[in-house]
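You will see two complexes here that share chain A, one where it goes with chain B and one where it goes with chain C.
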Partner chain A sequence: MPTKIGYAAVLVVLAASAIAFAGPSGGSVTGKVTYEGTPAKQKPIDMSKEPSCAQQHPTPITTETVVVGPGNTLQNVVVYISAGAPDESSAPPQAVTITQKGCQYLPHVVPMVVNQELKVVNADQTSHNIHPLAKINHEWNKSQPPGTPPFSEKFDKPEFIPVKCNVHPWMHSTFVVLKTSRFAVTGETGGFTLPNLPPGKYTVTAWHESYGEQTQDVTIAGSETKSVNFVFKAKPY
Partner chain B sequence: MRTTKLAKLCFSIAAVLTIPEMSSAQQMESHIGKLNGHSDAGKQLFYRYCWGCHGFRGDGMGENWLPTGSFMEPYLNIQPRNFTAATFKCRSTPTGTLPTDEDLYNAIKRGFVLSNMPSWITLTAQNRADLIAFIKTFSARWKNEKSGDPINIPPEPKLTVESIKHGQELFQKLECWKCHGQEGRGDGPSASTLTDSNDQPIRPYNFSVGSRFKCGATNQDLYKIFMTGLDGTPMPSFADVIKPDDAWDLVHFLRTLQDAYKSPELALWESTKEGAQQVAARKVSGTPTGSGFKQ
Partner chain C sequence: MGKLFAAILTLVALASAYPIVTHMYVQPVDISTHGHAIDEQLSDTMAEAGFAFLGAQLLLALFVWRFSNRKNGSNVKHLPGGAKLMVATAFILVGTEVLALGVLGQKAWADVYFTAPKQDALQIQSQAGQFAFYFRYPGADGKFAALHPDKIDEGNGNYFGLDLANDVEARDDIVTAELAIPVNREIQLLMHAKDVNHSFYVRELRIQQDFVPGLDLSVHFTATKTGKYEIVCTQLCGLGHYNMKAYLNVLSQEDFDKWLREKASEQ
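Let's turn to the complex of A and B:
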């Protein structure tokens, strides 16, 4: 019972802070990302060469090049303000974390702001090497054996960087390094919200690792909420 | 016949028109000990000796190389270095940083074992320094950034059987064998899946084929290879995860994997019962990277 009260208290505090955060600087963009057509069928991953990971997945996981939800929604889409937002003077103080667990990258797509701290964690009983194939930023490649502490890195230029583990060729992720902290990643519902937008004209970009990017222009007046939806054409291959 | 001549003429004109334009873009220097290299001098050498493989624009797309899957088989099975990316395998500096001038100078002098890059000891030291200066004109990174600080390499401790044994434990624990194989023959379970940063297939190093490594032949060179990683390849940096003493133990063990080169490490290892048994049990042929190798 006391725990329940504790939870309630936490919820109240969270709600209050959320309201305070949304505060006076009003407008927002909200919407949904869906697909039409037939997306590529995802293939099961054979992890038999890495038993310590295979046993973490009673049913084999599949590749994640296209992840969909009920009602044709599209997951792992990064939606962000690509133009119109004021320049940000500094990166957010909190770190973004990517965890290697069960020979998978969690989360699959990792958005972050230029110069924001990225924390890399290995929660597995096997060695991983984390290898961002950067072209604009510096390419680096670091080994992380089991039990070694997390390490931190940062990227100083905006770029979409494919990431792989060379030891486990099925592991793929993308570091999305943005100029702005106004971004969201779609989950199962395909929904996103970009809050706290001062009045003005914005370009909203939606990026998906297999289907590329789409942009839409939107004008926010006062504290209104504008609806912007994206529909990607899915290809069956 | 006429067409070929005409084509050659057109090409020469194009080359003459383009080269000065590129060089005027920037001037670079290199400093290796007392040597000072200049890109103007290096340019002449590059377009005489290097561009057939490294390409007119230094992008590694010379006529001797074609990517996997092109309409013709390439002459070279490893893509020549793309200088426009400014990513280099053999460095004394941490992963993600630019190498020192000396690192690049040594690479030209040494050549790359198991690839088509020969040793350029036929050129003078000044020539090599000039080439390094010119290579640096291909990427703006050389203007905007400094080379990384070379990693610290403590003096090599005395070779002992214990240090070889501990090195072997590390080889297991750090899972070097996943790519390099239990016997260091480049045939580990992940070996066949490896690609470099340009999506070209790449082989893990096969220790049994000789005495030289990709980045030199000494124990210090070997230490540097796994501590700095070979940027642009699947070989990661272990600098953050191996202590210097442990790193030397690993060096001692890796030397015992070189069947074709009787190093002091291998001799000591074979003098022990355990080591002798392990060496005797190794396969003798039929590996992905050492197809012609007989023991």
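Let's turn to the complex of A and C:
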């Protein structure tokens, strides 16, 4: 008898974990972002005015307004569910980090959810000022001398915010503040996956800092995986 | 007590003059064709001011020494003519000195500002903006393309606001963060302020010229020694002013041509 109870208990635990696993899984949207045409040439950045940064890049880094990968893939594209999914009721508890290293913003594009904590780190031996040029959110401009601890900020409205450092004009990033946590940023392969989508009709938006936005509608039934690809038109200038 | 004061005054005056007379502070090297005139002007000014300073202090010390501890009741002797003549003489002396400096200095100033650059001077545009300098060379067509402030996109390396999509002339313009120039060739630097007042100062070139928003200013100079020198902003222009600098790289004509070709290929 105790053995049977034991079996039953194991079964209950298994079933519960199966439900827990299956619960959020649902369907997903996966795809690739590519470009056609000739993208603008990225220029080497001359950091000679800031020797402590220049020496961190034996080969100068280039501008990052269009970063491509093999097979015409496009990096730094934020793909997200712009309609169909409910807004987040609360911000994710973990912070998003942007690091200033070698007079460069890492990562180049920083997606986050409305009211999510943004941690700003200065890993350089020089002062930076982080200046998000917000129009809908409150605009701020904070100086961060070397060795000072990271500071945190948050944005309470969705917005694509260009970010600059006035001391090092080549430094450029974008804070992408979204209502949803269902987003992905493309890497070298240009690929993305938006998992755990309950059945329903969604609008998927792909945003690129130089090439703008594209949207596609997709309907998810059950736990299927839908493929959505985006092709941006690249311009040499 | 008076004599002690006179002695201290003499000592202080002589000690102040000592570092100047013995050239304790070395002038930075002069790498320009016009710099000697400015250096001469500075040393003339220093000599005139120094003589006047020392003369006045030593005379004061002498009078204090000579006429302190006067016996009570003795009359003070005045120079003939009274206070009016003294003031008039001082005006004439100081006025002559100031005028003389102005007349002598006029030449150093006019060499740079009232003389047009030669026809074959190399034109380079310099843009000062918070908080960096950028430079533009006209490229193969020899023309500077028009600027469009709305096109400025620093993250994309478009610091000047060139309309690369529509303006073919803009595509060969060479934009750099350092000012490289050929040695022994006259340079005309066109000054363009992007936002607020800035200044272009290279002490070895003996040039300090403000950038003023809305004004097309220019300076011309010829560098005579190769090397790397610092360009700094000397007008307080905002929070990053302390870090607003660039480098002047004076190269041989051959090295300059090579450098310009490299930079052209990076555009």
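Points to keep in mind about this one:
Just so it is clear, the second predicted complex is superposed on the first by the 212 of 237 C-alpha atoms of A that agree within 3 Å, B and C clash if a C-alpha of one lies under 4 Å from a C-alpha of the other, contacts with A are read in each partner's own complex, and residues count from 1 in each chain.
Here, contacts are C-beta pairs under 8 Å (C-beta built on N, C-alpha and C of every residue); 3 or more make two chains touch, one makes a residue touch a chain.
Remember, it's a predicted structure, so these values are computed and weren't measured experimentally.
On the shared subunit chain A, the superposed partners chain B and chain C overlap sterically.
Within the superposed three-chain model, A:N166 lies in touch with chain B and with chain C [touch as defined at top]. Judged by the touch definition given at the top, the superposed model places A:T59 against neither chain B nor chain C. In the superposition on chain A, A:S143 makes contact with both chain B and chain C. By the touch criterion defined above, A:I45 reaches chain C but does not reach chain B.
Once the two complexes are overlaid on the shared chain, A:K235 sits against chain C while remaining clear of chain B. Judged by the number of chain A residues each one touches, C leads among chain B and chain C. After overlaying the two complexes on the shared chain, residue contacts for A:F151 are found with chain B alone; chain C is out of touch.
In the superposition on chain A, A:S89 makes contact with neither chain B nor chain C. Among 203-211, 221-229, 239-247 or 257-265, the region of chain B with C-alpha atoms clashing against chain C is 203-211.
Under the contact criterion defined above, the residues of chain A that touch both chain B in one complex and chain C in the other are 49, 126-127, 129, 143, 166-169. The part of chain A that touches chain C in the complex is made up of residues 40-41, 43-50, 63-65, 126-127, 129, 143, 162, 164, 166-172, 210, 235, 237. Of all residues in chain B, those touching chain A in their complex are 85, 87, 95-97, 173-175, 178-179, 189-190, 193-194, 197, 229, 231-238, 240-241. Residues 49, 126-127, 129-131, 133, 135, 138-145, 148, 151, 166-169 of chain A touch chain B in their complex.
Chain C makes touch with chain A in their complex at residues 129-133, 153-157, 159, 164-165, 171, 176-178, 238-240, 243-247, 266-267.
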